[in-house]
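Before we start, here is the structure in question, set down as structure tokens.
As written, the chains take the letters A, B, C and D, and residue 1 is the first residue of each chain.
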Amino acid sequence: MTDFNPRDPDYERRVRESFARQSAMVTLGMRLLRVAPGEVEIGLGFREDLAQQHGYLHAGVVAAAVDTACGYAALTLTESGAEVLSVEFKLNLLSPAAGERFVARARVVRAGRNITVCSGDVFALKGSGEEKVVATMLATMMTVRG
Amino acid sequence: MTDFNPRDPDYERRVRESFARQSAMVTLGMRLLRVAPGEVEIGLGFREDLAQQHGYLHAGVVAAAVDTACGYAALTLTESGAEVLSVEFKLNLLSPAAGERFVARARVVRAGRNITVCSGDVFALKGSGEEKVVATMLATMMTVRG
Amino acid sequence: MTDFNPRDPDYERRVRESFARQSAMVTLGMRLLRVAPGEVEIGLGFREDLAQQHGYLHAGVVAAAVDTACGYAALTLTESGAEVLSVEFKLNLLSPAAGERFVARARVVRAGRNITVCSGDVFALKGSGEEKVVATMLATMMTVRG
Amino acid sequence: MTDFNPRDPDYERRVRESFARQSAMVTLGMRLLRVAPGEVEIGLGFREDLAQQHGYLHAGVVAAAVDTACGYAALTLTESGAEVLSVEFKLNLLSPAAGERFVARARVVRAGRNITVCSGDVFALKGSGEEKVVATMLATMMTVRG
């Protein structure tokens, strides 16, 4: 949507170190795929032990992936030393989360001094490389300093 | 908010059987605590392997608990054979999810023929029995038949 | 949900003065009915010139009433000199907004230093005094100082 | 996001006739600017009598414009005779709604048989032709038949 200039050239290291401290990301099998100014992608494979009653990936896991991607998209644009908290998010579940792998792609819609708004989508990937959007999020993040 | 009359007297069995088919609930350590007409509670203990970067319960896990509770609150009021899907939910994160145990309490705000709106809260429980609200959700569920 | 202690004993005057500066409230026929710590009510009559295509009150007018009530509910709890901005809100439309009069009732769910979360409901009132909920909101407000 | 094939070639007439029946649109000075498959734009001028306390366009008016645009974006893709209702929407307010004119642009994110998810943005326009996004919406619409 916009070109973002990160205030901290070392933003990627900061995001990767924070992500590595999230034990839930390891437990849920999520990996940080891409970190760019205002944009983050998180990938995960389907796991039968994270399914809902119809065998699709649980909406809470979908939410975890894209909320985390939104938070780190916001973090790429903060100064060094700042942290980002999720204030709230809304998730529309568009299709059953059926696939072998999933990718959550988030981007900053508007970065303010205290509040950053992000949007994100979760795509199901089939073996053929086909992508299908399964969920979309609009999230509000807060920058916390000091 | 209202007294609800379940259309299916066997609603609790239906909810418990569906919950038992959700492998993610087992993996995330969630249990169905209470099932009443229009109301469901889900409990879970804190787990270090489901934490975010500051050591609190991950927002995605919080979302999974309360979204699931909202969905089953809606299911208590449907006729036998119907299913409930999450259309969307919004979650406000009010405080860090710090606690030994958590409980997600959901209730139906309005049950329509196709769309049911639910609200839910997640509370952190301390050893002393003290409860603190950590998140609140407003969710839209759809009833699917046949 | 909680007893709130206003930091500024003069909160009601502050709310009423701010409301009086909103020309949209006059144009849309809205009145401030009740101002209490953490709670605000706004009333409006049905107007045919504010209807949607089926003759019910337009959802944007419903949103205006309850968003405004949420913002002022937050403002009752701030110190003197602070202002409140809407960061975002979510509105579920539960029933057609059919009635002679409407009242939007908002309350603070959690008041933080910078972020206050409010919920609100809009009720349609019939001549008989009967109330019916037509919409429910979950909103995020930000306190701005200086 | 996608190319949409309208099921009813006469979709534009249907949208324009429904819009013309919304008295609130006339009262608020809104006009239907563009109707395409899955996309609708609504324009409005700034009006001092629709301002909030700082003199910017009231958030409820912003919501009315973009919720209406989202609903009609969904309606472009339904069959003849169907109607669209707003189930819920979430609006993030990104910047003060300061401008001479505003345009709300909505598009369908995913069209299902019963549920259509739309997103929309509201832009403030300055005399110079410059556009600035002031709000973004993610909305859920329901198709009603018969």
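To be clear about the criterion, a residue touches a chain if its C-beta (ideal position, glycine included) is under 8 Å from a C-beta of that chain, and two chains touch if they have at least 3 such contacts.
Values in this document were obtained by computation on a predicted structure and should not be read as measured data.
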Labels of chains that are neighbours to subunit C and to subunit D: A, B
Set of chains whose contacts include both subunit B and subunit A: C, D
Contact-richer chain pair [A-D vs B-D]: A-D
Label of the chain whose CA centroid is most distant from the centroid of subunit A: C
Where subunit A and subunit D are represented by their mean Cα positions, the distance between them in whole Å: 28
Approximate Å spacing (C-alpha centroids) for the pair subunit B, subunit D: 33
Multi-chain contact residues (two or more partners), subunit B: 87-88, 90, 92, 117, 140
Subunit B-facing residues of subunit A, complex: 18-19, 21-24, 26-28, 48-53, 58-61, 63-65, 67-68, 85-93
Touch list for subunit B against partner subunit C, complex: 90, 92, 94-95, 109-110, 112, 117, 119, 133, 136, 138, 140
Subunit C to subunit A touching residues, read off their complex: 87-88, 90, 114-115, 117, 140, 142
